[in-house]
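All chains are identified by letter, namely A, B and C, in their written order; residue positions are counted from 1 within each chain.
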């Protein structure tokens, strides 16, 4: 009886993990299946991967997603970091909560408001609009994370730098950025993933001209099941794993959540 | 080396007034200690001098230059922070070289200066280590080196020994004294530990809980001739006895329940008959003995209530007839003392009238 | 700190205003106007007093609530289990929890589609074994939506929970047992109250986005049900009626905030955090 009690929680956890990874394993397994229909194993084959890699549309979408994601990371990190450095612990620090609202609203509300604004002012939808949108979304993550990490910094180090003759800018570059680097990288990774995977904002703001990867996947799904999607998913999974590895190793150095 | 002058400084924080009407002159080239209990505002004074806080009112002068509104990175003053504030992402060499790099000096000049300074603090063999590889004492020396390489006019030290253990503390104190006399820079040393202050200071100031300076003087002046009960109690231990002044053929103090005792009154002091006064009597200036001893101006008897062995000295707490507990230090001069004072012994207690300090507040 | 360098912080603020606050304000303004030049009007809101809209909002609230509750019930023991493990093992578990989170939502939804479809994996398997004769309708219904919602939102619940559970002082559990409480009493009286901030955060982190969820119902719900998210997107993309759409958006946001507000107060009364207790006692 005691044994059952002790094993109850671990068994539960095992079941949850099994549930969590069931779809993922299914995806991977059937990405190498020889045939598309019906759903039984017909043998190992990589032809879906070949079909995937030969499609030019995919790489176009990937390129767009990368452009948007990297831009969002760059913009949100630079603006966010400068913002935090020049407002935290000064009389302007009350402005910081201005950025906490980004996570409070369901994303769809942000998406439609941006769309409404863009159409009204005849701003063309497309990659640039999407970058603007993703950067705003990114602020909701970057600003709280950096604010918390900056608050944890030993402020006397900044005072010491000033004491030794450095200007505020020099202190920012020589001291604050190196010390905040783990948080910056982790936040950057988080933003990258959120932007790269984002469907909602892309659906509304990217318009017909620019297709990002999630939009491509969506279109593909709408046409029906295809193992090519499985293959793409598996590849994305591998890439994500690398990202998560880096993120986890950084998490031990800083507190994000 | 320059002097520091604070004029009519007022500083408040969120409505609480920490410093008001503060006036202080720190003479150039000296090791100056600012001593006070925790929370009295002494660190605030240091931070105002360093430029990390702004005054609400008043002026700060470095030499003859008014630096009140100068930002900290433009003041020719450097600080050794309480927790050292060393840059964790730089090694020892780069930490010390930081200020010189900011100035834009050439690599060769920087290397020369850094190596020289590291030698002064005996860290030349650690220059490539990172901060987390250093001991507490070593970190402290890095903080020191980093601050003095700039050859500042004034060096501020904010309770630099708090994180060190006792043996190390004594050693570092001596090193600091040597350093100061070698550099001839004005050192401003803030601490709540009176032993540290007494050891290092050429001149010191005592600050009370309300942020006011009660006395300024050399350590000896402050210890031997405190001007208030607060100073007498804060610096060292003392016995404070309250009584009434009587101006007879010789000035005397009447201690209630004990009688009349000889009093030494300083020359310029005018006291009214019947005034309430205090005397501060340091425990080491009281002679304790079982048999009677002649030659002392003042004499009391009492019963030994507790004995604390302190190595160099023994502390006796003697209960007097008026129920007051008197603390007495006797130096343990002999291995085998000729008289053994024990719990419950009735003892004679003597002091010379010149060794008691008259206090009015 | 130097006050004149505040201008360096301005770009971020400007961006935030331009692309977050102004659009939202714009929607609010839109909701009070019409396509015509008549200016301020409440016409759009009047349209919303149809019970259809009420049922849509209610449905979304229920979905969000069920999702958050399910995530909490399952996520809490999970987070508890992981947080109490040793460092290296903890990181391994964390890796495997975060990985689905970093996988594309669409991809995961598609995977479930793959499994639950009429001709999908589960049905094929069950029919092959002979357990059932006809494929189960596992897709394009509320059941499918719930599963996928739960699946996608679980990491959002786990992360704040994990964060508070990680910092939890284990001595408190020992103290509780020492004083005679059993496992369940300890859980209810000690662990849950102290980790309440994490529970609140996780619940909100799931509830709020789930309320506006639009992709998952679209893909696996089969367009059978209208949720707040689907309706909003309908208005703005298909129906091209951004005025009514704005009104609906504003209204459902208000409903969301009111619900969240009252639920927080309710929970606060039920489980006051120890910080709050101290304040009231003073």
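One rule holds in what follows: a contact is a pair of C-beta atoms (placed from the backbone, for glycine too) under 8 Å apart; a residue touches a chain by one contact, two chains touch by 3 or more.
None of the values given here were measured: they were computed from a predicted structure.
Peer 1: Return the chain label for which the distance between chain Cα mean and whole-protein Cα mean is smallest.
Peer 2: So the chain sitting closest to the middle is A.
Peer 1: Would you mind telling me which chain pair, A-B or A-C, is linked by more contacting C-beta pairs?
Peer 2: A-C
Peer 1: Would you kindly tell me how far, in whole Å, the mean C-alpha position of chain C lies from that of chain B?
Peer 2: 60
Peer 1: Between chain A and chain B, what distance separates the C-alpha centroids? Give it in angstrom.
Peer 2: Roughly 57 Å, centre to centre.
Peer 1: For chain A and chain C, let me know how many angstrom lie between their CA-based centres, rounded off.
Peer 2: Roughly 17 Å, centre to centre.
Peer 1: What residues in chain B touch two or more of the other chains?
Peer 2: Chain B, residues with two or more chain partners: 71.
Peer 1: Which residues of chain A are in contact with two or more other chains?
Peer 2: If we look for residues of chain A contacting two or more partner chains, we find none.
Peer 1: Could you check chain C for residues that touch two or more other chains and list them?
Peer 2: In chain C, residues 2 touch at least two other chains, as defined above.
Peer 1: Can you tell me which positions in chain A touch chain B when the two form their complex?
Peer 2: Checking each residue of chain A against chain B gives 154, 156-157, 159-167, 170, 174-175, 178-179.
Peer 1: Would you pull the chain C residues touching chain A in the complex into a rising list?
Peer 2: 1-3, 5-6, 8-9, 11-13, 15-16, 18-20, 22-24, 26-27, 30, 74, 77-78, 80-82, 87, 91, 94-100, 102-115, 117, 119-121, 124-125, 128, 151, 154, 159-160, 162-163, 205, 208-209, 211-215, 219, 229, 232-233, 235-237, 242, 245-246, 249, 253, 256
Peer 1: Flag every residue of chain B that touches chain A in the complex, lowest number first.
Peer 2: 50-52, 71-74, 77-79, 81-83, 85-89, 98-99, 102-103, 146-147, 150
Peer 1: Quick check on the complex: what are the chain A residues that touch chain C?
Peer 2: Interface residues on chain A, with respect to chain C: 9-10, 12-13, 16-17, 19-24, 26-27, 30, 37-40, 75, 79-80, 82-83, 85-87, 89-92, 95, 98-99, 101-110, 112-117, 119-120, 132-133, 135-136, 139, 143, 168-169, 193, 196-197, 199-200, 203-204, 213-214, 217-218, 221, 225, 229-230, 232-233, 236-237, 240-241, 243-245, 247-249, 251-252, 255, 257.
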